[in-house]
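Same chain, two partners: subunit A is paired with subunit B first, then with subunit C.
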Partner chain A sequence: MLLKELRLKNFRQFTGEQSVSFSTDSDKNVTVIMGENGSGKTTLAQAFTWCLYGDTDFEDKSVLCKAMVQAMPPNANETVRVELTLVHNGIEYTAIREQKYTKDGTGVLKRPGQTVFSIAYKAKDGQRVFVKDTETEFRMKEILPRELSRYFFFDGERIDKMSKEIRRGKSTEFAQAVRNLLGLSAFTSTLDHLKSKTGRMSVIKSYESSYDVSSNSKIAEYTAKINDYTDKIAKIDARLEEMENEELVAKDKCAELSKRIHDNVDSEKLAQERERLKRKLQGLIQQRASNGAAMIRKLNSTGPAYFSKKLMKDALQKLSEADKLDKGIPDIHARTIEHLIKRGHCICGAEIAIGNDAYKHLNEVLDFIPPQSIGSLIGQFIRDCELKSKSGESLFEDVSNDYGIVREFDNSYAEVEKDLKMVESRLQGMERVGELQKELQRYEGALRRLQTERDTLNMQKGSYTTSRDRCGTERNELTLKDDNNRKIEVYKAYAEYMYDTLSALYAEQEGATRDEQEKVVNEIFKQIYNGGFSLKIDEKYNIQVIVNDFEGYTDDVETSTAQSISIIFAFIAGVIKMARKSKNPDNEMLVSEPYPLVMDAPLSSFDKRRIKTVCESLPEVAEQVIIFIKDTDGEIAEEYMSSKVGARYLFSKKNEFETELTER
Partner chain B sequence: MANKTITINGVEIDAEKADALLKRIIIKEKTNIKTKQYNDGEMVKMIKKLIEEVAECY
Partner chain C sequence: MFDKEYSFRGSHAEKVIKLTAVFDKNKNKLFNRNLDVYLIAPIVGFLYNRKADLDRSGESTKIFPEQLMNERNNLLFTYRLIILLDKEHEPDFEERINKAFRYYGSEKTASDEELYEVYVRGGVDVLYEKLLASIASEEDYLKNLYDFLEEFDERYNQTITTDSILALCRLARS
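After this line comes the complex of A and B, so read on.
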């Protein structure tokens, strides 16, 4: 697949119709598209994936140009279209994706409809023919499977995700896609046509269903049983493969959770400490409140007496000097006098009559006896003063103590609060180990269940295989007795022989191709990165990074961003180089196809020396290189690749919503 | 590739002819990948026809 032209209509900041023609010249195979930050480099790179697969990495999934949205009147329609013209297997294809946008009567943009995807190709007579709608997805998968596309449409700014993907958990589709790129697709189609694993009609299946059953009814019975066992085995195989991915995910999750638990092991202790401090703080608050209240209660009850001590002392002093005032008769009440006056004679027998001396004398006495007795009041006052003085005696000491405790609480409170803040700041950013532990247990449980399921399925598979083989042998004995069926057995034997031979050849070729690919990838990696690492590729095309200088150290190592990019470059450049290599006439059975490398901001993580090596090596390994690059990196890239650059474009940013593509 | 007669499931076949046939089929598959001339069903039919031609001659 080589890219010829990209045509855009109203795609994000590319207003109106704009196009880029990529260099397909084998000597000058590089197209450089340069622009300042925010001018649309990533958007243009994303236009490829939107066109081919209908998706972008942008959060805003609306791809209609914002300037166009503003200019659209109510009830108006506008279409976004991206067309990518490419050559694959010698046929010129145009992939077209369109999406219609409409504004409602109030001028609000409605939710857009589904995108419409079509593929047209140029027939031998030059006419443009559209691939049937039902076949577009299949055709696209064949031109460039989505699993592989992100490696060809390479985004330097999202390198972390890609780096993980390239090293772990490849799907069967990915491995298959790589094998096909390496030229093995003719092998896989032949194998599939001879004996399909997916239950599709194949040569062997077709022969098995054409036995002449009239000679012996048992033949049909065995055939039905064999088909049933085959279906069951295929289902088990599919589930086993699915489980492999589930296991990989669970294992990754367990490793990640274990690491997180290890990193956060202190958090549990800290969380307990935080709870303890919180409780202590709450206790202190309550204690302070109760002590404060007690102090106030004491002040309220005995404070007045305490603070009036001096006044009472002075008053008592004065009263002691005023003995003369006390003319009262002890224990005689005004009611006694009133009684005597009323009865008319005194205790002593003297007559009491209004106005006589006794009457006057008794009335004078009334001023000095209760309830009006000053002397009695003074006596009472003195007694009260004595009592109050006593009650206020301990006030100073009591309040001092209470206040001391309150002050101490304040200090302890501040201290506990400080500790609590410290614990909380340490806990910030830490995860709760308990929760992580629960999650880990869940995944470990899932892994155990998967293992049990795998064992059960393998046992079932073994039993079905034995039964199927037995039915096959028994059917074979019957079919060989009959001439018609014997003929079918002969044809089938040819098909079986070819299938087995090709399976062995494929495994051999695939292994050799993978070894060769590992060699090529390492050569390219060394050329680009030149560090103390080498790469290993397993049967699923996962890449493992090995440290060369430490013999015996076989674990995968974590890599820096520059190393990760180098690995991805090396891997994909290796695949591209191998795909070209299978063009060799010696490899007449292998399918060959050149592939482009479309890279967005590929050099941003490299130093100058590596930019030079990358710029020099990529045009050599890939048949076509398309680079979207910021102006500063672009100048360096052009300097190193000047002899290879066949087309140059510039992003001219008109405003935040509009960019124009101009040829330089 | 081998030049011998071998027995599969109780029937004899010419391995040399089978190997040559396999190569022919792979090249036909390779061509079809490029041209898309035949669909899967047609390819299965074509392979069967080729096998039967070779087996009849044996």
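After this line comes the complex of A and C, so read on.
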């Protein structure tokens, strides 16, 4: 498959109709499309996927140009179309995908309809013929199955995920697709025709069902049993394969969780610290409140006494000077004086008559004795002074202490709050270990259950296989007794022999192809990334990275981004190179097709030296290279590939919503 | 005196209402009741030499007779202190003694009682100025209270010990 032209109509930022013609020149096989960030490189790369498979990696699944959406009046409709012209197997195809967008009466864009996909090809007479609707998908799969497309339409920004996928846990479909790509499909379909692993009627199966059962009903019985066992075994195999994927997922999860737990061990301690600081803050707030309240309580209860202190002192001083208290005569009451006046003579015998001296003296005394005396009132007053001076004694001291704590609060609060903020910021982004632990246990449990299930299934499979083989032997004995059946048995034996022979050949061929591929991939990998690593491809086309320097260390190792991207480059380049090689008709069983390499921002992770090696090696291995690249990387890339570049385009960004493609 | 319902009026009522209002989320008030303002205000008014006439406009806020009766002794004590010490009101100490102790409760004390009220209102003004006039945030309530008490302490109380008062009490009795 080689790409000739991409035509876009209203696809995201590409307003109106725009097109890019890719260089198909076998010598100048590179097309460079350059643009600043946000100008639409990724969009253009995604246009391929959308056209061929109807899906993009964008979050916003609406592909209609936003500028167009704004310009559309109510009730209007617009169509998005992407056409990709390509040559596959010598035939020129055009893949066309369209999607219609309509605005309702209020000018709101309705949900778009399904995309419509069609494939046309140029017939020998030059006429354009459309592939029947029912066959388009099948034809697409033939041209480029989706599982593989990601490795040819290649997004540098999603490299990590891809490198993980390429290294493990890929589906059998992927392995199958790689085999097809490497030209092994003729083998696999022959083998499938002879003896299908799925339920399809194959040559051997058709023989088995054509035994003449009239001679012996036992034969039919055995056949039924054998079919039953075969079905059961196939089911177990399918389940085992499914489990392998589940197990990989669970193992990945376990590893990831363990790492996260390890990274977050501190979080539990920090969480405790956070609680402690929060309690401390709460305590401070309470303390402040209680001290504030205490200040006020004291003011209200002993304030009057406290404020009176100065007045008491002044008043007492005055009173003590005035000597007002002592002028009374102890135990003498006004009644005593009145009695003396009434009887007319004093205790001393002197006469008391109204108006005489004694009378005057006695009347003066009345002022200083009860009830007229104020001395006792003053005495009570002095007593009050005594009590109050004691009660108001400590007000200021107490209030000072309380207020000291209140004022200290601001400092302590700020300090604790600072600590708390620090702890919280450290905790942010940390995960709760407890929950991670729970999740880890869940996955570990799942792994154990899978292991148990696998053991059970393997045991069952073993017993089914034994039973089936025994039935086969029994049936053989019976069929050999009948001439007709004997003939069938012979045919079947031929078919089985063919199958076995071809299988062995295929295994050998595939092994050789894989070894060859491993070699090619390693050569390319070493070119791009020279370090002490080498790659190993297993029978499912998973790639393992092996460290060469450390003897005995054969485990898969973690890789850096640059390594990952190199692995993918090497792998893809390897597959493409092999595909080109197998075009060479030494062996008619091996046929294949060259493929292009469409890369979006592939060089960002590399240093200059590696960009050079990548730029030099890719046009050598791939028949067609299309690179979307940002200006800075692009200049370097063009410099290294200058002799190979056959077409150059530039994205010119009109605004956030519109980009134009121009030839340079 | 101190046996009938008492009302703060006008601007003084407004100030008393503010002095007895909740000022923070802990439901603190500077003074629990109008009565608590009434107990302190005359002393402050007298010491700061602040007098204020009755403002008959607008607001009023009351103290109930039974509350006054409960604090009668304390109120009377303050009354006596002020009457005993206000030389401006009555230059003759003998007469001040009479006013404070002998005439109390008779019709002779009308001007004395008025004097007391003038100091009560003056004291309310001082308390308001010291405690509430410059409030900018919740923290200022306690800060102003402390500052006021500190100022008061420096101005009047720092040099007066309880012992010195007790000694004076003994002296006055002898």
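Methods note: the second predicted complex is superposed on the first by the 493 of 664 C-alpha atoms of A that agree within 3 Å, B and C clash if a C-alpha of one lies under 4 Å from a C-alpha of the other, contacts with A are read in each partner's own complex, and residues count from 1 in each chain.
Throughout what follows, a residue touches a chain if its C-beta (ideal position, glycine included) is under 8 Å from a C-beta of that chain, and two chains touch if they have at least 3 such contacts.
Fair warning: this is a prediction, and the values are worked out from it, not measured in the lab.
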Task: Partner chain in contact with A:90 - subunit B first, subunit C second, else both or neither - done: first
Task: Per-residue contact with subunit A, leading partner among subunit C and subunit B - done: C
TODO: For A:662, decide between first (touching subunit B), second (touching subunit C), both and neither.
DONE: neither
Open item on the list: Tell me the contact category for A:492 with respect to subunit B and subunit C: first, second, both or neither.
Closed with: first
TODO: Quick one: classify A:282 as touching subunit B (first), subunit C (second), both or neither.
DONE: neither
TODO: Once the structures are superposed on A, label A:401 by its partner contacts, choosing first (subunit B), second (subunit C), both or neither.
DONE: neither
TODO: Could you look at A:202 and tell me whether it touches subunit B, subunit C, both or neither (first, second, both, neither)?
DONE: first
Open item on the list: Contact-wise, after the overlay, does A:185 reach subunit B, subunit C, both or neither (first, second, both, neither)?
Closed with: first
Open item on the list: According to the stated criteria, A:194 is in contact with first (subunit B), second (subunit C), both, or neither; which is it?
Closed with: first
Task: Touching partner for A:458 - first (subunit B), second (subunit C), both, neither - done: neither
Open item on the list: Considering only the defined contacts, which subunit A positions touch subunit B in the complex?
Closed with: 89-91, 185-187, 189-190, 192-194, 200-203, 206-207, 472, 476-477, 480, 486-487, 489-498, 501-502, 588-591
TODO: Provide the residue numbers of subunit B that touch subunit A in the complex, in ascending order.
DONE: 6, 8-11, 13, 15, 18-19, 21-23, 25-27, 29-30, 32-34, 40-41, 43-44, 47-48, 51-52, 54-55, 58
- [ ] Using the touch definition up top, name the residues of subunit A that touch subunit C in the complex.
- [x] 289, 292-293, 295-296, 299-300, 303-304, 306-320, 322, 324-326, 374, 377-379, 381-386, 388-390, 393, 395-396, 399-400, 403, 406, 410
Task: Residues on subunit C engaged by subunit A in the complex (per definition of touch) - done: 24, 26, 28-32, 36, 39-40, 43-44, 46-47, 73-74, 77-78, 80-82, 84-85, 93-94, 97-98, 101-102, 139, 142-143, 145-146, 149-150, 152-153, 156-157, 160, 162, 164-166, 168-169, 171-174
